[in-house]
Structures are given as structure tokens and as C-alpha cells.
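What follows are several structures.
In the two assemblies presented below, chain A is common to both, partnered first by chain B and then by chain C.
On to the complex of A and B.
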């Protein structure tokens, strides 16, 4: 069988292809079916083709077969033999999902007959659609008057595109371009790029008049609705424009004057008139046929992205940490050398060292930034998958829902993006299943029958905000209260003191679910509490807001990266701890006599707001010192705030948080460790978890 | 200049005792007990805890470290002394004496000064992530024949943490079950 490494490479690549496929299909649907962009269709076709070849190479026959049938259908589609409609797009969507499933099986080394049967059925449907489409009987190309010998050189696809252009009534042109052999590939690409916005390059053919030994000539068949003058203005040096046929339709442009633009580097290359007889196409030298624009399917990767193993990045990150340590050590050395009394030599050496330190620091900054950038990926990677999933779920549900996605270009740390897909999927399923109502119910309430579920991402400073919102019925807080009391999560008295927001946040408690029966959509055995813990692991937050009858919005706040964070270093009974700065609101000094107690709990007043006051030393069971003034770090997440009393503030620092290994996982209030200059490990506090814990015990105790 | 010298001293990397040096001493250890002709004795690293000699398979030892700064972890399990920084890796340092009933309470260790001069950290390879174990002294490498190991007697000893007993030159080696000892 295939070596595991090769297989995992294949899975990764095939996955990328499928992602691209899904994305293109979605774009096709969004751009409207009538005006389908031929490039897009081609991209989809190529993706299916690549997948076919790739999977066949790895002996995954069932994937290859399904991809093959999809390719056939897509081929018929791009040749105009099959009409592009919603049913067909749905079917293709199913194919992508199926392929993903099969790929999943392949990666686990499984091979279930059930999946095989379903894929065979899909393949059958594909086949039917591919052969079912009819073709136009009267060929418009016959009326245009292109030399049949010229037509013979076109591929079926090119002929189809030519026909489409004729139908649109645009002008057909032949662009003759002569380029030197040395750089014809780049110049041809530039020419293509400059023509693209003006119309469609239907075919690129080597010209029958090849010029001399040092140059090569092409004929580009080009369809455009623009006037000749405008087109000529855009042409590159070395390219000339002529109508493809003299029998033009609708508004034929005036016959071009017999002029040419001589190429700068070689004026011998264009000897004849620019308007070449079309019959000359037949003598195409075969070896040079079809360049650039022809969709030559290849097995090359469809994306320009480089896959980087996250483990390698972590390694890089570690070495940066080491470098940082060296830097601070060298700095100390140089300081010591400069201050040392005695001969001048060490002093000079110290200055020298200092300069090196600066340089090292600059490089380190660059390196750090570079590595961080590599880790960043667009959220679109997850959003696209979710969009496809939602399409399927909506189709299977009895609800009419528009799924509205924006902000897919917002970038986040790869680690976070990967971990986000499950929580987001859960929230979206929830919105579809519990959030939005059926069309009838919506109409009765005077709402538009079609519901909207939105997934929006935006960057705010060092954070990314992701919202999952629906315009459904909203959350019934009376019912939330009832259930929470029923399940013993809170007492009735407690709920009476709770604000609406706090009540709503009860849905994140473990063991909470307002639905008695588990639906097939959201009922996967995970509740919102899992979503919340998942987010907390990513140092993220989730908040909920809801209005009865108007809808519900879940707001996720996430840090841009987990790798390097800025932290406030504090000292508590001689121990140093790091508090992530994103959780720190402000630092206040509180005199002992300013402390108040509410039911034996200490509180302080900050800007008129009563805030719980927690002594970190007491929480951690460390010896406390009596002091007249407390340094209080006011931390806050979402609407909750907490004053943490520490002994000493040491200042801010960029830290690389390292996770704690297996046996240390799950220590309350600690999210990881970092090292400072002296090699001692310093614990990084998990403010989210600490607040959760401390505020909960307060509620429970009160 | 003494401050400078100290900084220099800390700056330069000095490898801790490598396991390799023990390996060279190993073959001299026993010539009396006849080995089964086809059995190659396994190598174990022997160390001392409260005067008793323990051993773990040499393959399970990643390295031996001197005791440096240890960071306490508030509210961690009792047998975790703290967190050590091994060239950027954050690893737990375990106490096994309480588990083996050699001590009542785990020691408090914050720096190398809190332990004896001979004390070392054995960095053990473990499926759940590598972990350090604090020992009083490292003895060296000993070769023991697996077929001649005996089971630990049930003398009120917590036998779960002990994989067996080995003898060599009249000395007793208690084989530690690392997985159990750290749980």
C-alpha cells in the first residue's frame, strides 16, 4: 500500500482541492447562474480533474471514480452541453461533501461499503445529468463566416466559448503578438492579463508566420464589446489587433487600416500585413499548440499556499525564545563589562557587545513577526466549509434561510482557526435548529418568511470578534430560569437577583439544554458549555444577547494569536506570575480601610462600580503579608470584572506561552508557563477560568 | 569582577552529567552470577531515595539534570513539586517519596540550594509527556537479568509503584514502575 507519509500528503492536498472546489461552487451560486463566469467553471472542472488523477495515483478508486463522473458533468457544463441550474449545483455540492467523507475514510484507512453505495448512486445521477443535456441545433458559428479550416483547429471548448461570445453579440478580434523567445512566456501572460478585463481570450494559437529565429508569434482569438480604439490603447508593444472575420454582426467596427506597431527589439518579425488570412491557421505547428489560456489540466496543486506543519513552527518559536534569552544574557554581560573598572579594553568590548545586542534585537523582532505571520490564516478557510455545511443543513430542514457570511478575510492564528470550526458549527446548527422559525410562523409574526443566519468576523485591535446571529425567535429567559432552577444549577432566589444578561448566560452552564428532545441537527450530545470551554481554551470569550422575537447573537472574542502575548508581571508572596494584558482593565491602589464586605465577601469600589476583591495569595494558598495599601489588578472579560490583589507590579513584557504537558493539564487558573531572562519558569494565569471559578464560588457562597 | 564572572559562568552552557559516562563503568559490575547463555542483561539506572536503592530501565531516562530553579504550582497535585524549565520546555518535577512511603510530605524545593549537593533530577520519558523525578543521588548503571527479577513481597509496601526486585553483588535494587509512581 501507500506509505503513510505519502498518503497524508495526498489527504492534505486533496483536502485543499476540495476546499477550493467548494469555494468555487459557492461563488458560482452567488454570482448567479445565468452569468456563470467561464473561468470559474473551468476552475471547478480542473479541481475535479486534479482530484481524479491524484486519487487514482494513490489507488483510491472509489474517489477517483466519483471525481471522474463529476469531471464529465463539469466538462459538459463548460461546453454548454448541460444547463447550469440549481439542481445541478446542489448535486455538485453533495458530491463535494461525499468526496470529503470518502477522503476522511481513506485517511483513517477505512473502506465502508455503505459509503461506496452512496457514492455509486451519486455517480449515477451525475452520469444522467451529463448525458441528458441537448445541444443547440442551429450553430451560430455557421453564420459568422469563420473559415471552416480555422474552426477545425479550435477545441470543442474554444468553439463553445466562441459561440457564447457570438451569442452575446460582441466583436471578435484576432490579436497578433510577436515576442522574443527569451521572454515570450511572461510577455504573453502580461498580454493576457491586460486583455482579460476587456473581454475574453478564447484561444491562443501559435501564428503561422513565426517571425525569425529569435522571436515567436501568437494569434489570440479575443472577444470583446469594446471599440477598436480602446482595445488598441491597451495593447502591449508588439501586439496588433484585427477583426477575426469581416462579416461582423450588429455593429461591425470599421475595417482596420493596414498599420502595425513595430516591436522595438526586432522590426523584421512582422513582415506581412497584420490582418492575416484566416486560412493560415491550418498550418499550425503542432509542437507549439495551446499555450497559457487553454485549460490544460495538471496535477499541480491548485493553491499557492505552503502547508507548514505546526510542529515545525513551534520549533521555530522555541528557538526564538532561546534567542531572546541569549539576547538578555549578552546584554547583562555587556552591562557588567562596561561598568567594570580597570583597563579600557573591557569597556570597548562592552560597547561592541551593546551594538551587537541592538542588531540581534532587530533581527529577533523580524523573525518573531515573520513566524507569527506564517501562523496567520484567513478565517475563510473555516467559513467556506461552514457555508457548505449550512447549505446542506438548510436544504434538509423545513426552513427557509439565507446564510450570510462576511469577514472571511480576517486572519487569525492557525491554531485558533482550526479549533474554531467545531464551536462555530455548533452555534450555527443551534441557530438553524432552535433559533429561526418556520416560514409559516414567521409570516404570522409579520416577519419576512425567509430567515437570516449571519456569520460575521471583524478585527478590533488585538482581537477578532466573530458573531453568529439569527433573526429568529430569541431566547425565552423565563424558560431559561425555569430550566436552570429545575436542574439545580441555581436557586430561584438567585435568579431573581440576576440581570437578564446573567440569566441568558446560564445556557453556558454544563447540564443545560432548553430542548427536551434532542434534534437530529444540533443533538450531538454537546451543549453550549462545551462551546464555552472550547473557547476558553483559546483564551476566547463568548457572550450572548437576545431579544424576544428579534433574534439571538452570540459574540465570540478571540485573541489574534496565542503564541506571543503581552503580559503584566506581578509578584505574590515572592512568586512571579504573568497576567495576560488583554484581560487587564486597569491597575488601582486600594487602601486597606477602603475595603468593604458584602456578606463577608470583600469588595472594592472602582469608579462607582462595586467589584469583588480577591487576594491572589489567598486563592493560591500562599502566605499573606499584611499591608496598608493593596495593588489591585482590575481584570475583566465581557461584562464581568474582578479586582485581584497582588503584592508587587513588575511591569509589562512580551511572553511566549508554553502549554503545560500532559500530567500538568487541568490545573485551575493556570493556562501555561513562560520563561523570563533567568530561566525560571513563570506561570501564566488563566484569567477567564479564575474569574469563572471565583465568581461562581461567590454566588454559591452567598 | 566577581559579578561578571558569575554572569559568564551562567551564560556558558555546561552539560549536566551525561548518562554515557555511567555506561562505561557498567560492564565491571558482576562476574559471579552466571547469565543464561542467551540472555543479555538489561541496563538500569540506579539511584538512591532515603537510603534505598531504586532503578529504572536506562531507556526510560532522557537525561539527568542538576537541580535548578523550580516554580511551585499552586493547587497542583501533592506529588508535583513544581515546574522546571528544561531548555525552554516546561516539565513537571515529581516527588515519589510520598508515594513510596519514604516520606510523610513532599519536599519544598525552590532552588538548587534546597536539596543536597548530590540530588539530581531524572528526566524520564513518558507517554503523557516527559517528567522529572527528584532523587537524592544517582548511583550509576547496573546490569540486571530480567529472568532473575523477583516480585516485590507484600510487606505493606505499595506494590503498585514497584515493578520488581533485582539483585547484584548482594545489593538490592528496587525497580520503579514509572507510570504508577507518577500517577
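On to the complex of A and C.
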């Protein structure tokens, strides 16, 4: 049977294909169905085709079968035998989700009949749609007179594209270009890019006529409505243009009759999500009603694999080469030092050694940065999946919502991106279910009937900020107060002294939920507290802001990477702790008499701002020395500031954090441990959790 | 110098490529080279004297048919046996592959032993 390693490779590749499939489908939908880019359609087809072949090779017949039916339908689409419409795209979206589920099962070695049955039903629907198309009639290609030798290498799809171009009455050209064997692929890509705005590159044929050994000629079959002179003006140097056929027609054949769209949807429903759920339930053939009982597909990817741009790996290899060089230099110096007689080494050696050490440091820095780069993936990987999910949820809801995504190109550590999909999905659903109002309610308040839910990412220094925002009703403060008191999270007296922001933050408390009704769509039994815990595991923070009638914004602050962080090492009561440097704002010295106490808490004044002050020794229950001046590390995350009193500053260091194990896991305010060179374990402070703790005890104390 | 017989496998799917490689490499007399696309194959071809080429049809840059045409029309390579190993069930595409000069047409999922048998026959092992 298939070796486990081969299987995991299969899962990684299949997963990648599915991600690409989802992305292309989304792009198709966004670009408008009328003007669907044939290249894009072909890419979707190719993805389904690859998946079919791949899963068949690995003995996963049910996946292969479903992919096969999808391929058939997509084939009909790209060959123009079936019309592309919204219902069809939805169905394909469901197929992608289903395939993802099946792949998940396969990766766990499961094989459930329930999934199989659902997949068979989907396959049936695909089949029905694929069989609808008619055959093309008289072949226009026969009338154009293309060299049969050329025609023989075309696939059925390329012939179809050629036919479409003939039907449009555009000129058919053969662009010949000779490139060096070394770089013909990049040169061809440039040529293609320059031709694409002028028409359609139907096929790229390597010429079999041998030139010299170092070059290769290509014929690009190209359809364009532009004049010969204009085309020639735009061609790259070394490329020549000739008509593809001898009989260029003088009058273009009549345009093909507009194919009638299958009446699955009326025109209104195609134009946007502004349709009532009833309409979509009855008018799609895809049986949306079944979706309500369909478990939500997990948006996480199934593998831990990171596909890496080869350039990044080359960079790493270079750094390693340089490191080896430095190593041998140091070796030479140490050999020389060993052989030298006499007690004192010449000063020169010391200098040379120092120079090598500095070079070593630089290279190690590069290497570290390189490794971090390799771990980075664009947030788009998860944003695309969320966008697909949201489109579906919006269509199934009775709300009219635009989903606005930006910042998908921001890169984060793969580990973080993976872990983000669940909390983001939860926040987005919340926004849809509880945030935005129905169109009628919005109109009554003088708002535009169509609501907006936004997902925005941007990088800010060492952090990535992700916002989930809606322009809905905002959070009802009074209701939050009521619930929090009801559930015994706080007393009424406490809430009266709380600022609005603190009040809002109560929604993250375990056991809090203002949901009055459980909608069809909302995730079951998971509250915002879980979102918060998820984020804290990633050393992230979540903050909420909301205005009545205007909307709610959740702001997530995340570190760029988890793996290696730069930390400030400090000593407290003889023990060493690490404070992540990305949270450190500055170091200040505070005299004991400058400490003030407000509401039984110590505070300091930093740049005119009153800042909470905590003694780390007390936090960790260690003995505390009395001292006249405190070394204070001022840390900040999002809007919050905190001063941490330590005994001694040891300097900066790069540390690799490891999660805590066993009995250490429960220590509050600690996110992990690291080992220094001397094999001592050092605890890494969790600034987010410390601030949290502070806020909570503050609330409790007041 | 290796005296093993060189075989080129052209396949864009990494997992499938490895399966093909494993199948063909089970023949000890064979040295497998791989290309991940039609373009890649065009670059690799002049570098070695291949005695057999195995290619997929559905590939991103130039398709397998175009590669077959290139190989079979080129005086340097035209006598090199060429197998198509593909999922392509479309008869039209298969016929074209054979017309263009492909020597064998193997449909995926292939049986490794059968593929090996074909390789052996063409390389006269």
C-alpha cells in the first residue's frame, strides 16, 4: 500500500490544489460571471483534473469520483457547452468544501458512509448540470484553413479557444520568438504578459526545428482584433509576427447567438446577495436546505507543510555557506593559537578573532531572519477561505451584507495563520448574526440597507493588527451590564464604577453571552471567551470598541512570529525572566518616593501618564528586597501600559520559546520557557496575560 | 560515469511524480531524471542522453501533446521512445498523442508493475 510519507505528501498537494480551487472560484465570482476569464476557468478545470488523477493514484476513489464529476462540469464550462451562473458557482463551492472534508477524513484514516452519501448526492447534482449542454455545430475551424500539423498538437480545449476567437472574427497570428535555453521561461512570461492585454494567447508551441544548442524557438498562437502594425509595435525584440492562416477572412463571420442562460435564477437574484432566503432555497437546484445540517467545514489546512519560494531557500543556503567559511577561519586561528609558543598571543590574533566573531553574528542574524521568512505565509490563505464561507452565510441569511477584505498579503508565521481561522470565523459570524441588522431595520434608522462587514489586516512594526468590524447596531451597554450581573460575573456596584471600555470587555468573560436567540448560523456553544483564549495562546490581544447605532470593531494584535523572539532578560530575586522585546517600550528608573497609591494599587507617573506598577517578585511570590530606586520595564500592548519592577537588567537576547509542560503550565503571567546556553530554564513573561490579570484584580478590588 | 539508462519523467504533480519515480526506479538499471513542467523538460532534455521519456498531458505551461510534437519532430530526440501517463480519458486527446508519435499511452491510476514491464520492454532490459 501507499507509504505514510507518500500519503502525507499527497495530502499536502491535494490540500494545496483545493486552496487554489477555492481561490480561483472566488476570483471568478468577483470578476463577474459574464466576463469570465477563460484562463481562470481553465485553471479551475485543471485543478479539478489534477485532483482527480492524484487521488486516483493514491487509491482514494471517492475523492477521485467527486473531482471527476466536478471536472466534467468544468470541462463543459470551459468548452462553452454549459453556461456559468451563480448557482453553479455555489455548487462548486460546496464541492470544494466537501472535498476538503473528505480529504480531512482521509488524512485521519477514516471513511464514513455519511460523508460518502453526501458526496454522492453532490456528484449527482454535478452530473445533471454537466449533461445539459449542446454540441457545437459545423466546425468553423475547418473553414479557416489552419495547417493540420499545427492543429494536431492542440488539446480539445485549445481548439475550443481557437474556435471562440474565430467566431469573434479576430485575427489569428503566429508570434515566433527565439530565446536562450537558460531563461526562455521568464522571457516567455514577459512576452505573454505583453500580449495578454491585446488579445488571447491560445497556445505556446515549442518549435521542433533545431536551432543552435543554446536556444529554442516558440510559436505563440495568438488571437487579436488589433491591426498588424499595432501588434508589431508592442512585440518584444526578437519576436516576429505572421498570420496563422493563408485565408484570413475579409469579413468576420457573424457573432454567435447569445446563449440563453438556464433559468435557474432570475436576473435579480444573480445580481447580488439581496435576495430573500426563501428564494434561494427554492430556486437553486443544489438543495441549500441540506446545508443547515451540514457540519461547518474546518478552515484549517490539513498539513503542517509550508511551501517555500525557492529564492528564500537559496538565501538560507548562502548564509550557511558564509557560516562555514567563518567556521574555517576561526578554526585556522585556533590552530595557529595552539601551535604558537609563549604565554601571550599576538594582539593581531585577538583582533582577527573578534572580526570573525562579528561576522559570525551578522550571518547568524541573516540565517535567523531567513528561517523566519520561510515560516511566513500570507494571511490571504485563511482570508480566502473566510470570504468563501461568508458569501455562503450571507446568502443563507436574511441580511444584505457586503464582505470587505483587505490586507491578505500581510504575512505572518504559518503557525499563527493556522490558529487564526477559528477565532476569525467566530468573530465574523458574530458580526453577521448579532452585529448587523436586517435591511428593514437599517432603513428605519436611516442607514443604507446594505451592511458592511470588514476584515482588515495591516502590519505595524513587529505586530500584525487584524480588525473585524461591522457597521451594525453596536453593543448595548445596558444589556451587557444586565447580563454580567445576572450571570454573577460582577456586582451591580462594580459595574457602576466601570468605564465603558471595561464594561465592553466583560463580553470576553467565560460564561457571558448576550445571544437572545440561537440562530441557524451561529457556532454552537462557543463564546467570545474562547476567542480570547485562542488569541492569548498566540501571545495576541483582543480589544473591542463599539458605538451604539454605528457598529462594533474587534481589534486583534498579534506578533509576527512565535518561533524566535528577541527578549529583554531581567533578574528578579535571583531568578532570570525573559520579557518579549516587542512589548517593551522603555526602561525607566523610579525612586521609591515617586510611587503613588490609587485605589490600593501602586502607580507611577511616566511622561505625564499614570501607569499601573507591579513588582514581579510579588507576582511570582518571591522574596522582595527593599530598595530606594526601582528599575522599571515599561511594557505596552495595544492601548495598555504597565510598569514592571525588576532587580536587574541583563540585556537583550534571542530566545526560542517552548510551550510550558506539566506543572508549569498553570503559572499565570507566563507564556513559555526558554533555555539559555547554560541549560537553565528561563520563564518567558506573557505581557498580555499580566495586563489581563491586572485589569481583573482591579475590577475585583474596586 | 554511470552506465545506467537515463529516463526522464515529466509530471507537474509532486506526489504523482514520486510514485512514478519509485515505480521506474525499482529497475536497478535505470537512472531517473525528473522535470516538473513542459518548460522544465525543454531545459533538461539537451543535458542528457535520455533513452525514454515519460510525460503527463495536462501541465501548466506547454501541454504534453506539444512536448510530444517537439520531441518527435526534433532530429535529436525523435527516436527516443515516449510514454504518455495521464488521467486524460478524452479520446480525442489520446488519439492525438498517438498520432503525434507517443509510443505508449498509460492511463492513471497505473499499475507500477505494468509500467515497469513497458519500460523494460522499450529499454530491452
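The rule we apply is simple: the second predicted complex is superposed on the first by the 485 of 702 C-alpha atoms of A that agree within 3 Å, B and C clash if a C-alpha of one lies under 4 Å from a C-alpha of the other, contacts with A are read in each partner's own complex, and residues count from 1 in each chain.
In this text, a residue touches a chain if its C-beta (ideal position, glycine included) is under 8 Å from a C-beta of that chain, and two chains touch if they have at least 3 such contacts.
Please read these numbers as outputs of a predicted model, since none were measured by experiment.
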Open item on the list: Quick check on the superposed pair: does A:185 touch chain B, chain C, both, or neither? Answer first, second, both or neither.
Closed with: second
Open item on the list: Taking the superposition on A as described, I'd like to know which of chain B and chain C A:332 touches: first, second, both or neither.
Closed with: first
Open item on the list: Let me test your reading of the model: by the given contact rule, A:52 touches which partner, first (chain B), second (chain C), both or neither?
Closed with: second
- [ ] Look at A:389 in the shared chain and tell me whether it touches chain B only, chain C only, both, or neither; answer first, second, both or neither.
- [x] neither
Open item on the list: For A:153, using the defined touch cut-off, is the partner it touches chain B, chain C, both, or neither? Pick first, second, both or neither.
Closed with: second
Open item on the list: With touch defined as at the start, can you tell me which chain A residues reach chain B in the complex?
Closed with: 318, 321-322, 329-330, 332-333, 336-337, 340, 342, 575, 619-622, 658-664, 667-670, 672-673, 675, 678-683
Open item on the list: Can you tell me which positions in chain B touch chain A when the two form their complex?
Closed with: 1, 3-4, 7-8, 10-11, 68-69, 71-76, 80, 83-85, 87-92, 126-131, 182
TODO: Spell out the residues on chain A that touch chain C in their complex, using ranges where they run on.
DONE: 6, 9-10, 12-14, 46, 49-50, 52-54, 56-59, 152-156, 158, 181, 184-185, 188, 203-210, 213, 216
- [ ] Mind listing the chain C positions that touch chain A in their complex?
- [x] 12-16, 18-19, 22, 38-39, 42-43, 46, 57-58, 60-63, 65-76, 86-87, 90, 92-93, 96, 99-100, 108-110
